[in-house]
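The two complexes that follow have chain A in common; it is paired with chain B in the first and with chain C in the second.
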Partner chain A sequence: MKENYRKERIARSIKARSDDIYALTSYREMWYLLFPRFIPIVGIAIVSYFLPLYWKKVAITTCIFAMLAVSWDFLSNCGLLSLGQALFFGIGSYTAGGLNHYLHLPIYVTIPVATVMGGFISTMILLPVVRLRGIYFAMVTLILPLMLMRLVEATKILGGTEGITGLSPFPNVWFEITLILAAMWASLFGLRRFIASDYGLIFVSMRDNDRATMASGINIYAFKAQALFIGSSICAFCGAFMTHSYQFTGMPVFAMEFSILPIAAAAIGGIGTLAGPLVGAMILVPLSEVLREFGTLRIVFYGLILVICVVALPEGIFHYASRKYNEMERWVKIE
Partner chain B sequence: MSILEVNGITKAFGGVKALDDVSVTVEENTLLGIIGPNGSGKTTLVNTITGFVRPDTGSVLFKGRDVIGLPPYRITNMGIGRAFQMVKPFFHLPAFKNIIVPLASPRVRASSGGKYGDKDAVALDVLEEVGFERDSSVPYKTASVLPHGYLKRLELARLLALKSEIFILDELFSGLSIAEVTSIIPIIEKILLDGKTVVMVEHRLKELFRIADKVIVLNYGKKIKEGPPKEILEDEEVKKAYLGVEV
Partner chain C sequence: MLVYGLINSAVLALMALGFNLTFGISGVANFAYGAIYVVSGFLTWALINNLGLPYALSAVLTIVIIGVFGGLIYKFIIRRIRGLVISEVIATFGISIVILEFLRYIGFIGFKYSLPVFINGSVEILGTFVDIQRLFIIGFVIFLIAALYLFTHYTKVGLAFRGIAQEEHTSLSLGINPDRIAGWSMGMGSALGAFAALVILPLGTITVDSGYDVLISALSVCIVGGLGSTFGVIIASFIIGYAQTITATYVSAHWTMIVSLVAILIILAIRPSGLLGHQKELEERV
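After this line comes the complex of A and B, so read on.
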């Protein structure tokens, strides 16, 4: 008779020991918790600071897309399937560009103002459709950035097809990298902590079933609006940052890639974890730069790698890695 | 005293009249059973009372106040709790976290000082009331891996957490074994002892008739009979409509 085996998964005891205050009982427990957080933070910082200038710019773009992906995952965690991160990104970008160009506000005013105002404007635009669920909401978010793009083209406001150029730059590239890294880690760890809190729990409960959330006495529309504000503010910050980084804002800020790439990053990184999409973006954006030397074939290789990732690890890299880190596996004979 | 009054509710979906001039009065601290064959409008009636469906005509008075047109969460916060026929837990959250959400509703916060957070112990208390063994790992398991019986209890726990005044239970017993039903009935009896009101939509007549004070029978959206369980059982029209027995 053929012998059958099954895989048994056991949580590492250190996982239980490193919960709450118990983490402080020994260096081993502390290191267990610190390792997956400390290594990426320090590693990425070191790499970013010592890269040549061109790759420094790539690192900045990577962080921007990572933030867009984290924000996308947060919204999808709240039951808001967005196909239009470009909408939030573009509004943030145009707000910062407009404030800087027309009102001559300095950079340390435009970015914070664009973050809050961008989030507010995006929320107001989407407020009427917040009652829509799933794919219907997604369709609206997909179409809005394209509409705004044509609106700018047709009415020639905010620089029209030429865009606005000559905006204030960052004082230096070190400042630029420090700011975007700080913002990225703050949004990741901030949101992860937020959705684990009792208040954040209401947001993530809407993903599974917003009717049940409603039957729990929660005004889901108010909470979805709050989620939209948080998610779109993060994207608006990215838009404002990119505007000053390139000293330009124009119609390309509503481009599809700002909507699609975060979703691809979330798909290969692992949806629902917030950290997964960040990992995905860290892989996809530099990869796309490395593949540049293949010229036209770039998109072919890029697509191929994407497909392989999704087929080989459908759960996502982060889910897989955290399982390997937190659980032991062994093969057990089936009696 | 009647706590809930449903007056002349009519609701048509396209050409089909799901509810046709249905009136029900629910007395405070009683158990009302709603029975009827499939498609007779039981769930539509529940949806109308809880605000998920807006009727074409008629009114629903909760403690004298009309609730028609109010969104479901407002109605829930007034004290009408509703358990779904198709269980709707928050699948990716642990069972006890499922209860944190209703505990964060304005209704519960108003009675406990208006704060969010630190609700874990309260959530575990509520789960214990509906039969989640407190010292086991069950309350900490993700809802997606819990067996059906526990998910039904979780629906009940949500209403308990909300401190609802009326518990509207839409086919709570469906898909449960006799043993599971027998273990849930004392929970419902305790809810009644606490002075709450229960409305049960049920197909499990034997169990329902044991605990119900009054039963109404729906057929093709019309109320065909109303009375104590004993009368319903003996009524020929009900037998014909519901059980398909030739008279």
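After this line comes the complex of A and C, so read on.
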């Protein structure tokens, strides 16, 4: 008889031992936990501080998109499927630009204010549709940035089609990188911890089964509004940051790229992991910088990645890597 | 204005019908709909100008090709992820972006890309001059709605459409293959999109950006009318169509897109399932 084997996958013993942080008994276990967190933080920091100026800017853009992707993933974890990260991004950007241009507020006021205000405005705009689920919410978020673009064009407020230029820049590029790196890691680890907490459990349960959550006596609309505020604040921060980094805000902030690239990054990295989208963005943005000469063909490329990843590789890089890291595989004979 | 409002409504209804058909039957929100609309415009243009085919032949060819194309998209991409809402939306949206941005990249921009009208000239109705093409649109909408009604009520495939729309598992047990029928509905939805493009596009030039506009219009009409309800789509397109025309006349043409958004917001606040959306209404949406 032909012998058949199957692949068995079990958690590594070190994973089982170090799962609970209070039971760490050796440096090896500590390193096992720290390695996947420590290496990227230090690695990315070193790389971005020592790059030439042009690539420093690319690193900043990468971090911005990584944050957008993390925030997209957080929202989709809460059952809010957004096709319009550009909406949040644009609102943050215009808020910061407006405050800086019209009220002449300094940069350390505009960015925090734009973060909170942007989150608040976005939440208010989406509040009437927060009752919608899945596709319907996605449709509205897809429409909104395009509409806002039209609105700016039609009313000629906030600089109209030309945008607002000549905003105050960051003091220096070192400060810029430190700020965006800190913000990126803070949002990633903050959201991860938040999702893992009891409070965050409610957010995840809204995605898994909103009926059951409602039946447990939880007002899911209030929680969805909170999730929107958190997610859109992060994007608004990115918008405000980008505005000051380029010293410009205008209609391009509502561009499709800011909506589509985070989703593509999440699709590559693995949806639902928060860290995955960050990994995806780290791959996609530098890659798209290399492909800059192709112009708009890049967006075609993102679209292709989206379709291929969603259909053929639904797992994503991060799921794969964490499986390899945490589990071992072996072939066992089928009896 | 009365006449133009009517025409505007007919245009909206025509745009929304294909999207509505696919969504109402298979539950797949085809975000690639706008892309399909634009592609069919360019395809017809290429058939006429590059291959030198007569207009009627290329129109029919386009509708058939686009219908098959929609079916293939279903077969190779959507069938694998059906039921996973996030994946469906991302995949169709991705397809839409691939198509539209690729068209933009290879440079289909400019005034030379326009389709010929069926018959040139205009007639006077209620004191306004109207192109015959615009009258054709109204005629085609009425024709299409009648044809769709007959199709879904009196043919085998049409009945199967309604079957899987109502209850997929029961229809499976009655020997209807939901996957095949959903593929058909996707193909037919795309063909309707191509049809809409052929009738509407002669009024202007074909632009890549109109793909997004068409998608937005179709979405807003469908949301307001209640997704999956053909009659709701007609009523909604009348409401939005007239509202847009009134805004364009009295305020400014820039504000017309805002009208759809406001309509969506009002409808969602009052009746979350849309004007006439009764099929699986609340459970699905809210």
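We take it that the second predicted complex is superposed on the first by the 309 of 335 C-alpha atoms of A that agree within 3 Å, B and C clash if a C-alpha of one lies under 4 Å from a C-alpha of the other, contacts with A are read in each partner's own complex, and residues count from 1 in each chain.
By definition in this document, a contact is a pair of C-beta atoms (placed from the backbone, for glycine too) under 8 Å apart; a residue touches a chain by one contact, two chains touch by 3 or more.
Predicted model, so just to flag it, every value in this text is computed and none were measured.
Shared-chain residue A:Y136: touches chain C; no touch with chain B. In the superposition on chain A, A:Y325 makes contact with neither chain B nor chain C. Look at A:I202: by the touch rule set out above, it reaches chain B but stays clear of chain C.
Judged by the touch definition given at the top, the superposed model places A:Y108 against neither chain B nor chain C.
Look at A:F38: by the touch rule set out above, it reaches neither chain B nor chain C.
In the superposed pair of complexes, A:L146 makes contact with chain C only, with no contact to chain B. Of the two partner chains placed by superposition, A:W174 touches none, neither chain B nor chain C. When chain B and chain C are set side by side, the one touching more residues of chain A is C. On chain A, the surface touched by chain B in one complex and the surface touched by chain C in the other have no residue in common. Of all residues in chain A, only 76, 81, 83, 128-129, 131-136, 138-140, 142-144, 146-147, 150-151, 153-155, 256, 260, 263-264, 267, 271, 294-297, 299-300, 302-307, 310-311, 314 touch chain C in the complex they form. Here chain C touches chain A in the complex through residues 29, 31, 77, 80-81, 85-91, 93-98, 101-102, 104-105, 212, 215-216, 219-220, 223, 252, 254-255, 257-258, 260-261, 264-265, 268-269, 272, 284-286, going by the rule given at the top.
Those residues of chain B that touch chain A in the complex are listed here as 50, 52, 71-73, 76-77, 81-82, 84, 88-93, 97-98, 100-102, 104-108, 116-119, 158, 162. Touching chain B in their complex are the following residues of chain A: 197-199, 201-202, 204-205, 207-209, 211-220, 272.
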